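Can you keep this structure in mind? I'll have questions shortly.
In order of appearance the chains are A, B and C, and numbering begins at 1 in each one.
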Amino acid sequence: MIKESIFLMAAMCVSISAQAVERISAVGSTTVLPVMAQAAEAYHAMHPDLTVTVSGGGSGVGIASIIQGTAQLGMASRETSPEEQAKLDGHVDNIVIASDAVAVVVSKAVYESGIQQLSIAQIAAIYRGKIRNWKELGGLDKRILVIDKEASRGTRHVFAKAVLGSSHARAEGASIISGSNNEEQMIVSRSDNAIGMLSNAWLNDEVRGVDVLVDGKAIAPTIEHVRDGSYPIARGLHIFLPHNATAETKDFVQFLLSKQGQAIVKHVGYLPVR
Amino acid sequence: MKIFLCLLALPALLLPLACFFYIVVQAWPALNWQLIAGSETVGNLFGDVSSAGHGLWSQISGSLLMMALACLLAAPIALSIALFHALWATPSQKRMLITILQILQGIPPIVYGLCGLILLVHLLHWGISLAAGGVILGVVILPLLSSNAIHALERIPVEQTESAKALGLTSVAIIMRVWLPAAWPGMLTGLLLAMARALSETAPILFTATVFSGITWPDSIFSPVTSLQTHIFYLAQEGSNAHAVDMAWASATVLLVLVVFFSLSARFLRRYEESV
Amino acid sequence: MLILLWFLVDASWPFWHDFGISQLWASEWYPYESLYGLLPAIIGTAWAMLIAMFIAVPCGLAAAIVSSEILPITWQSWMRLGMEMLAGIPSVVYGLIGLWVLLPWLQNTFDLLTGHNLLAAGMILSLMILPTMMVMSQDALRLIPIEQREAAMNMGMNWSQRLLRVLLPQAWPGIRSGILLGLGRSLGETMAVMLVVGSLDRVPQPIYNILEPAQTLTSRIGREMGEAAFGSMHFSALMACGLVLAVAAICLSLLAQRKSKGFVL
């Protein structure tokens, strides 16, 4: 066993010297992550000398990593706060590569029982714990499973700002706290009484986005409504590129903004910037 | 009374089989050669936001590499500690050593991960790396390996050492010619068990050594890796995607196979040692 | 080990300094408002451990008794093998089982809002410490010489009496080691608990409500470790959680050592 492991390590060391591969790490929002991961692969196929490793953790982690210098690219699905911007100003570029909508999602059963549009006030009341049962809104007689997100997630920041007033507002009515977009999608799809917040790319048959009532009009969380600005809970998806990044890294970011990169954005389900 | 006990014991009797069975059954759809050799492409099969690719090769190699590094680092230290214990430690030092080892064994691995995060990832600027993961895992398995080595040496009959001394062999020679040959099955057992343990630890390496995607083979010891354990964790958060669920169970099966392999080897070795 | 302790204390010092030890029982954890109460997580950890022990100790003990006293020898080795295999399953895999098997079951059986709760965490933990319990108890029972059993038979005791009066008291040190080991494992288990417990930082209302989502120390560290900026107060607070865990583990370990007189693993 030991001999084999020594051999493995030696082989690895040899392979280090054999190629000069640049490796950069992209860290942050799980909303931006699918785009990054697919773009990284496509880019690697064209430029084998650059490897991009992608990790999640949330927008908070992404911005923090760039500030601390532990990652070469940061991903966030929200705007930076004034404190964060102060630390980034002057040496990090904030580039928007896509936009999407934060959909207020409900379980399929809830949607099909008639809850297909909600006003901001109603959503806020649910998250504050004032409305506890779906029947108060015209649906089934079931308690509402309120899914909140970890406080550092970009999706939550945007949601809280639009619905509860401030990006760090508390949701007293929360029943459970989830982490990544994937986790929340799983919880919503496995229950029949849940409400949560997800990027519109995560909607599927089990996870339905409700329309948001704005001035009496029901606006659906679709790309078109993000484009024309009518959906109230929308945001840009940001990449943070330090000024001292290598040429390859900057080239990769350009790739993200190019036609090919934006095609990936569209493929995943977001609104391209071009 | 007997009936009552039997009823109470029933879960314990049935559960091992039930768990294994369930895991393999769930993994069945995804168990094919593509699992190892297939590509890792994330999401392009479904054009959606899933993180489940098809191939697990990079995860498997990542886990194995970290395990190898951890063992390489921990084994010599464990051996030295055991030799110290056998040769130079006074009885009170021996007791204290064993106590400390027991305590270290009981500390939750995530605490080691936290310390590793501060020390290795940030202070020493190793970044999220294979090296950090290897060191942290090494620390996690060190108490296990040391206790095991100590006991293996203790089991050598005293007469063998006495005769060697009477024959005039030096300490070094005693170690090399008498102790190691007698104790190696026991120590190897410990090593195999430690390997199994290193393969199953997830929390310490989640934020110190692994990333979500992008690595097929780490190009240096300071590069991050992907591992089976953390991959299962990411997949666990995607229960709405049937493919991800299958991949999760399949990854679990692969991990289990590896762990079982090491554990069973350890067990056979122990049997062999006991029969000698 | 001292290095470890020093680290934890040093890293969490800013936290303790600013907020004081009363944070151990402050009940709000909301980093954005600089609230770092540890109480919800501590209670959560305690509950999870209790539930796990409550399930695993009787089952494990019963299994050990059944295996060593009732079943024939071949069955014994198979059971032993099964238990050791169970012990080897990595914690993430238990997390999977918990998440996709246990949680829906709990949700349906108790008609809950969600299956993520302390009971689920406790049940999964009990699954993890069951092998330890059984193996240690079985070893302890096996060590009792066969003459004891025969002597008891000759004295006219029936099976239960022999068990309760002769065998169990003698095996108690080993059984106790198993319990303490199990406590240690359930204290420190991270992955499975993280996926299953709900991560809601609230003291259960009322305090014995284990059917609501809650938080444990390990789950909190696991979830927030990546996002706390190095050096910030949040980070120190997480370090403090780690310190509490370490101290608890050390105490458990010392307790086990003192009582067992060097029980060989």
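Going forward, contacts are C-beta pairs under 8 Å (C-beta built on N, C-alpha and C of every residue); 3 or more make two chains touch, one makes a residue touch a chain.
If you're wondering where the values come from, they're calculated on a predicted model, not measured in any experiment.
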{"item": "Lowest number of touching-chain links that must be crossed from chain B to chain C", "value": "1"}
{"item": "Between A-B and A-C, the pair with more C-beta contacts", "value": "A-B"}
{"item": "Rounded Å distance between chain B and chain C, as computed from the means of their C-alpha atoms", "value": "20"}
{"item": "Inter-chain centre distance, chain A versus chain C - centres from mean C-alpha coordinates, in Å", "value": "35"}
{"item": "Cα-centroid distance, chain A relative to chain B, in whole angstrom", "value": "34"}
{"item": "Junction residues of chain B, two or more chains touched", "value": "122, 207, 237, 239"}
{"item": "Where chain A touches two or more other chains at once, by residue number", "value": "57, 68, 179, 190"}
{"item": "Interface hub residues of chain C, defined as touching at least two other chains", "value": "226, 230"}
{"item": "Of chain C, residues touching chain B in the complex", "value": "1, 4, 7-8, 11, 58-60, 62-63, 65-67, 70, 79, 81-86, 88-93, 95-97, 99-101, 127, 130, 134, 159-160, 163, 181, 184, 187-191, 194-195, 218, 221-222, 225-226, 230, 238-239, 242, 245-246, 249-250, 252-254, 256-257, 262, 264-265"}
{"item": "Touching residues (chain side chain A, partner chain C) in the complex", "value": "57-58, 60-61, 64, 67-68, 143, 145, 150-152, 168, 170, 174-179, 187, 190-191, 193"}
{"item": "Chain C residues touching chain A - in the complex, by the definition given at the top", "value": "30-33, 104, 107, 113-114, 116, 198-201, 213, 223-224, 226-230"}
{"item": "In the complex with chain C, residue positions of chain B that touch it", "value": "1-2, 5-6, 8-9, 11-13, 15-17, 19-20, 22-23, 98-100, 102-115, 117-119, 122, 147, 151, 196, 199-203, 206-207, 229-230, 232-233, 236-237, 239, 245, 248-249, 252, 255-256, 259-260, 263, 267"}
{"item": "Complex interface listing, chain A residues touching chain B", "value": "1-2, 4-6, 8-9, 12-13, 15-16, 19, 21, 23, 25-26, 33-34, 37-38, 40-41, 51-57, 68, 70, 179-183, 185-186, 188-190, 201-202, 204, 206-207, 267-269"}
